[in-house]
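The chains carry the letters A, B, C, D, E, F and G, assigned in the order they are written, with residues numbered from 1 in each.
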Amino acid sequence: MKPINDRVVVKPAPAEEKTSGGIIIPDTVKEKPQRGEVIAVGPGKDGNLMTVAKGDIVLYGKYAGQEVTLNGQDYLIMREDDILVIVD
Amino acid sequence: MKPINDRVVVKPAPAEEKTSGGIIIPDTVKEKPQRGEVIAVGPGKDGNLMTVAKGDIVLYGKYAGQEVTLNGQDYLIMREDDILVIVD
Amino acid sequence: MKPINDRVVVKPAPAEEKTSGGIIIPDTVKEKPQRGEVIAVGPGKDGNLMTVAKGDIVLYGKYAGQEVTLNGQDYLIMREDDILVIVD
Amino acid sequence: MKPINDRVVVKPAPAEEKTSGGIIIPDTVKEKPQRGEVIAVGPGKDGNLMTVAKGDIVLYGKYAGQEVTLNGQDYLIMREDDILVIVD
Amino acid sequence: MKPINDRVVVKPAPAEEKTSGGIIIPDTVKEKPQRGEVIAVGPGKDGNLMTVAKGDIVLYGKYAGQEVTLNGQDYLIMREDDILVIVD
Amino acid sequence: MKPINDRVVVKPAPAEEKTSGGIIIPDTVKEKPQRGEVIAVGPGKDGNLMTVAKGDIVLYGKYAGQEVTLNGQDYLIMREDDILVIVD
Amino acid sequence: MKPINDRVVVKPAPAEEKTSGGIIIPDTVKEKPQRGEVIAVGPGKDGNLMTVAKGDIVLYGKYAGQEVTLNGQDYLIMREDDILVIVD
């Protein structure tokens, strides 16, 4: 996949099954994951270079990106500026 | 067709008739296709070159583009920035 | 008529009287035409040159432009960026 | 009157009393005139020169401009970009 | 008073007590004045020079500016671009 | 306090207890003060220098700025462009 | 954590348990803290350098930033321009 402009393809981490206190969360209240791995990075937009790189683990806002499914795997495609931090 | 500025003409792929589990989807709930083939590409806008090229298979957001019909074929005309990734 | 800035004067094509299947469409559901001929082209805006030229047949969005009547003929005046493609 | 920036003072043409078919229009449905004569032109904004000139007959959108009354005469003051075409 | 950026201090002209036909207007329907005298002019914004000068009589839109009271006198402080024309 | 970018810290003047006619205003209708003293000035934004300086008495719009409390004193932190005039 | 563009990671100060008059505030009316410590700073956006630095104590608006939890610690990730002042 080759993202357009400043877009980034992110593979979301699976939602955590437990709270930090060890309580199982029923499926309907599972929080949507906000952490993922960068899979592909666009060339940048308006001459600005990209900061994130393939393989980076990133945090992003709850409503960032558009979901696409490719070969049975769900991805989020977002603009780089929707990524908050690189967690390393 | 010669698109204006940063516009791209996309021929949407036909909606898939089955879910990945093999169940036939009745016509009314068929998901609108989000994958298509680039048919024509504009010259770019404000001096920015275009990234996609004729023949690219692309993914785009569910509500991207405007539908036009030409010679009985439906097309979507969208801005390049409405395209998410080139799938190759 | 000399359009201002990036405006283009378009003479809309008459609405088609039949569907592709040959059924006569009653007047109230006739689809507003989205195809027209470029009649006049402005000098461009902010130093950007114009792409369309007088005589081009163009497609444009359903709600593009403002209608004006001059000498009994209806025209649409739209910005060039409201034009989707040149059909040739 | 010296308009500020890219503003233009337009003297609207009187509303036409008849339709093209010769029917007298009662006062309450008279369409607001969209044609007028340029009376004064500002120096331009952000270094862009003006295209219209004093004496031009122009068409403008139905809701363009702000009405002012000076010495008993009504004028519209609009930005040049609210003018659609120069009719000559 | 030294206005900031592209702001202008205007002393509104008193509302006219009569219509042009000489009828006294009761206080509640008096039209808010749209004419005033420029009292002070800011240095301009983003390197753009100012066009209006102290002493100019200007027309401005009905809702332009913010009212302030200083030493018992009401003023309007507006951006220069809210001024429509200099009446001289 | 060091304001960020084009922000300015203002110490609002206490609301006046009387109208200019000398009538005591009950507490609930006291008008929020719109006059204050500049306490600290940011370095400017996007390379634009700041116009106001520490110690200036300024007027600002009724809803300008965000209130913060520091060491028991209330301040307003606003962008310089929210300041209307320097009163000197 | 490496913030993207002009983003800043802030560790909010714990909400104060008492008012300045020494009254214990029940949990439900505790004001959300608006003061925090800068933990990490992005490289800047569009070539603009960052003003805040790691370790700065800053004030920020009540609704600034997005909350993220990392290793059991809550952080706010905001744009630098959402920070009001550096308190030193």
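In this section, a residue touches a chain if its C-beta (ideal position, glycine included) is under 8 Å from a C-beta of that chain, and two chains touch if they have at least 3 such contacts.
Keep in mind that what you see is a predicted model, and the values were worked out from it rather than measured.
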Where subunit A and subunit D overlap in contact partners, by chain label: none
Rounded Å distance, subunit A centre to subunit B centre (Cα mean): 23
Subunit C-subunit E separation of Cα centroids, rounded to whole Å: 42
Length of the line joining the C-alpha centres of subunit D and subunit F, rounded to whole Å: 42
Contacts with two or more other chains, residues of subunit E listed in rising order: none
Cyclic ordering of chains (reference subunit B, direction subunit C): B, C, D, E, F, G, A
Complex contacts: residues of subunit E adjacent to subunit F: 1-5, 7, 9, 40, 43, 46, 66, 68, 70, 72, 77
Interface residues, subunit A side, partner subunit G - complex: 20, 34, 48, 51-52, 59, 61-62, 80-81, 83-88
